[in-house]
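The data blocks that follow each hold one structure.
Next come two complexes built around chain A: one with chain B, the other with chain C.
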Partner chain A sequence: MAQVSVAQLKKTYHKTDVLHGIDFDVADGEFVALVGPSGCGKSTLLRMIAGLEDVTGGKISIGEKVVNDVSPKDRDIAMVFQNYALYPHMTVARNMGFSLYLRGGAKDEIARRVQETSAMLGLSDLLDRLPGQLSGGQRQRVAMGRAIVRQPSVFLFDEPLSNLDAALRVQMRADIRDLHDRLGSTSIFVTHDQIEAMTMSDRIIVLRNGKLEQAGTPLDLYDRPGNAFVAGFIGSPAMNLLPGEIVEGEVRLNDKLTVPAESRAAGSVIWGIRPEHLDWTPEAGSGVISGTVTGIERTGSSDLVIADCSGCRIMAVFQERHSIERGSTVHLRPRPGFAHLFDAETTVRLA
Partner chain B sequence: MNRTADKRRFWGDIAAFAALTLGALCMVGPFVWMISTSLKPIAEQYDMRLIPQTMTLENYPRLVDIMPIHLQLLNSFIIAGISTFGQLLTCSMAGFIFAVVRFPFRNVLFVLLLITLMVPAQVTVIPQFIVFRFLGLYGTQAPLYLPAFLGGAFGTFLMRQYFLTIPSELAEAARIDGASLARIFFTIYLPLAKPALAAFAIFAFMFSWNDLFQALIYLPSNMEQTTVTVGLALFQTQYAGQWPLMMAGSLLAVAPIILVFFFAQKYFMGGIAMSGLK
Partner chain C sequence: MMANLRPLGLERAWLLIFLLPTLFGLALGAFGSIFATLSISFMDWDLLTPPVAAGFSNYVGLPDDRLFNQAFWNTLAFAGLYVPLTVVISLFVALGLNRKLPGTTFFRIAFFLPTVSSPTAVGLLWTWIYAQDNGVLNEAITALGGDPVRWLSRDVALYSVVIANVWGAIGGGMIIFLAGLQSIPRDFYEVADLDGAKPWQRLWFITLPALAPSMFFQTVLTTINAFQAFDYIYILTRTGNGNSNMPTLVFSIYRSGFRFFRMGDAAAQAVVLTAIILVLTFVYFRLQKKWGATA
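== the complex of A and B ==
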């Protein structure tokens, strides 16, 4: 097992900067998710750790060793690809045993380890099948098995769940986390899905445009997003973010809409509140946001209401069912202590 | 409204079918005629019936008596076989490198390679001849198959295009698994390229089998050591007018190609569609 550390890592493709100096550490045995919108450089970063991309600048270390110029096979890593990258003409057993075979392992030793791993993943009956004869979920498991069988120090996952259907994804989320805990390995997991990141990881690293936006535990990022981007990216449905002006202890969102500021900050700000932190109230009043319902999504467990509040689009989630319909008026009270303020210019969180 | 559309489509189908049938007849006609003539006795060679009045196989043994066509077929087979192997090996290697490995000036080099497709074989024949004579290979079969081991633009292009369709993650997964470039090529890419290899093998075999020009230049001009294409050309000049014999020889010469087509047409069509050429 080993820690991974990335220092001032830079990547340039054809004179375009993809990563602008990224710094972070992954502790031994930690499960870290790299998240960000597409094009943020998260996959490139993972591929650089794997050794599939050259390093333009900075350092990558695995264990105590700088691996910038170490070939992928000598980095003691295993990677699970988004499309699984199983060898289509090899059986499940050969796919899983291929790396051991290339390392010159003894035949019965390879067979034993493949058996062991496949039993752990429930693949024992599929060892003689070809990847083409497997379902998506089974292929995903084989890809995992191929990584596990080598007992690497670091597991790298490149959006491994995005080709699965929703139900399977939820199950594999738990399974992967479970495997991680059992094997005690270090894992780095790339995803664009913040729910995956939130539910699986010990720590989340948010990237945007090749820069690190924030790193922290899932709840840290949810409770205290460091800037407006992280605030909007983490959490689902996304946080309401509205530009406003602080005047006399109140945030003036527009001519008709003001909410309590709960801060001594002044000037132009972005005011944020999560949909789940807006409470339904029967009547309008001071500090209450009133608006017309323009959309409503009922999932059974909760109602998502989209309202037009004097020109601001605001989303709210209610656990209870209220008699709301499209076109009706709704009154929302921001739960005290749950609003966020960000600097309008830099979008950085204000204390 | 719908019925007129149906009707129009019906007549459209009929027209297309008729045109295709006509085309097929034009293609098959000469072959049928060749078979028919090869089965006629010499005396009836100008008899214009499609089904011979007297059907006979005597032309075949007579042909072998006059010209050792079995030896020529063997020569053709050896040359075409070795050069097909050479082409498959070197073109797939070159195609793999162009498709998978990133190196400086890769695209420039690839375009240069493609440009060589525009150089006709006749242009290089004299320098090539001088080289082979210098090597002491003039008069042997080697000049006909050795160049195949030096790659070829068409095959490299074809194989590269196919290798590009294989997801690059396979090579990356293999690199992480610890495979060398050669291992990735032989264990992963080559087995996956079987359809492309089969299609290209047919192209290469046919090209070499049908070659008259190079064989005429390099091989000794006696009937035993030459290929079947040269043999038939010589036969035509020496035994002009003996059409049934000529057709029997031609049939034997094209039979292997037809057989290969018959058994591998699936790959062959796939190959044409894949290359997007010809």
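== the complex of A and C ==
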């Protein structure tokens, strides 16, 4: 296993800057998620680590070695692709053993490792099938198996779950994390789904427009987002982010709406509160946000309420069931100590 | 919404009225000619006197027809060379031109040009190349100190004609293979790069299996073309007396019908030719199934 370092990494396509100098380290055995909206450069970054894209500037190291000019096959990495990229004319066993075969592995050794890996993934009965005869989830497992058979020092995942249905995705999330722990490997996982990033990784790296926005543990990012973008991107449903003005210890969101500032900051700010940190109260009052309910989504385990509060759209999540209807008035109290403040201009978090 | 709307009553009548000319042409042109050919093959008819029923005599006579036999074996020999050469060469041309290098567009157009050119013009071009005196090829050979070759004589015509036809067919095959190559997911090659596949391993284990459907399609198409080959061959090998140094099946049909005015005979040959093509296509389909060409 090995650590991966990326230093001042830059990528330019036809004069367009895609990555603007990215720095991060992935420790030996760590599971790191690269997350961001589409077009943020996360897949490009992963493909550069794999050696499938040239480096425009900066350095990539795997272990102790700078690998900028090392060919993909000599980087000791394996990659799981979004579309699995299984060879349709090869059986599952052949697909899994193919990389070992190309490297001149002995027949018995290849068979043994394929057996071992397929047992680990529950694929033993499918070894003679062709990919076309497998379900999406099985194909995904074969793609994983093909990577595992190689016993690489680093696993790279390029949105491997996005072609699966929701239930399977939840299961594969746990399975992949479990495999990572059992193999003790170093893994870098690209996803646009912040839930995947939150649930699977030791650390999350948030990218936007080719820049690193924040890196930290999932709860770090959830509890103390470094800027308004990360605040809105991490967490589901997304954080309420409202522009306001701090006046006399209060955040004035508009003419009718004020909430406690809980900060010594001043001037124009963005006030943020997560939907789960707005508590239901029966009556209006000071520091309470009141509004008209414009939508309710009930999942059974919780109710998501969308309310129009004097022109501001606010979402709140309640674990308890309250008698709320579309069109009725709802009163929400921000839980003390859970609001976030960001500078209105730079969107950076204010202390 | 619109897709669910089905024509009703009057609408349907109008649809039919507008479609009628096309349907009529299709019925007459396609099914009519098949039916006519089949019928005429059981008759004796010289175009001038009314046709007379002849039973199977036109078919029974074919194996003993020296000219038909010659044409049959010529066509087989031609197909035996033309099909593999066309498929293999157009495959390699496509492999060579399936990359983003300066000049590839020019070469793609150059290879495709014969496909869109008039066969007569291209045939004449090759007669200049193959001409015994002052032909481009023989000029080159004599300039290098060799003896001129009679490219279109009976002994050599088969090979000369194969060369010209293969040259003319490379463009069409190249297009099919280029389309096949461009539909291979890039992921496959990236996995191969990560796995450390050498260029020949990429070709052998990824590209060729992925091209199996294109190869199958191209082989069937080329085989059909081989049995129907006429234009270049006729222009290159026709002799002064209206005969040919390399008569093929289609030439034989043409000769029987429009030179000897034996329409029944010509129709029977056409039916036999169609049967050969059908059988070969059937065999290819069976082979494809057996080898499990999957894409």
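Operating definition for what follows: the second predicted complex is superposed on the first by the 351 of 351 C-alpha atoms of A that agree within 3 Å, B and C clash if a C-alpha of one lies under 4 Å from a C-alpha of the other, contacts with A are read in each partner's own complex, and residues count from 1 in each chain.
Throughout what follows, a contact is a pair of C-beta atoms (placed from the backbone, for glycine too) under 8 Å apart; a residue touches a chain by one contact, two chains touch by 3 or more.
These numbers come from a predicted model, not from an experiment.
A.B. asks: Quick one: chain B and chain C on chain A, clash or fit?
C.D. replies: clash
A.B. asks: Report for A:P72: first if it touches chain B alone, second if chain C alone, otherwise both or neither.
C.D. replies: both
A.B. asks: For A:K256, select first, second, both or neither according to whether it touches chain B, chain C, the two together, or no partner.
C.D. replies: neither
A.B. asks: I'd like to know which partner A:L130 touches here: chain B for first, chain C for second, both or neither.
C.D. replies: The answer is second: A:L130 touches chain C but not chain B.
A.B. asks: After superposition on the shared chain, which partner residues are touched by A:R182: those of chain B (first), chain C (second), both, or neither?
C.D. replies: In the superposed model, A:R182 contacts neither chain B nor chain C.
A.B. asks: After superposition on the shared chain, which partner residues are touched by A:K107: those of chain B (first), chain C (second), both, or neither?
C.D. replies: Neither chain B nor chain C is touched by A:K107.
A.B. asks: Name the residues of chain A shared by its contacts with chain B and its contacts with chain C.
C.D. replies: Dual-contact residues (chain A): 50-52, 71-73, 77-79, 81, 83, 85, 87-89, 98-99, 102-103, 146, 150.
A.B. asks: Under the stated contact criterion, what part of chain A meets chain C in this complex?
C.D. replies: Contacts found on chain A: 50-52, 71-74, 77-79, 81, 83, 85, 87-89, 98-99, 102-103, 130, 132, 146, 150.
A.B. asks: Applying the document's contact rule, which stretches of chain B touch chain A when the two form their complex?
C.D. replies: Touch residues, chain B against chain A: 167, 169-170, 172-179, 183, 188, 191-192.
A.B. asks: Going by the contact rule set out above, which residues of chain C touch chain A in the complex?
C.D. replies: Going by the criterion above, the answer is residues 185, 187-188, 190-198, 201, 205-206, 209-210, 212, 294-295.
A.B. asks: Quick check: in the complex, which residue numbers of chain A touch chain B?
C.D. replies: Touching chain B from chain A are residues 50-52, 71-73, 77-79, 81-83, 85, 87-89, 98-99, 102-103, 146, 150.
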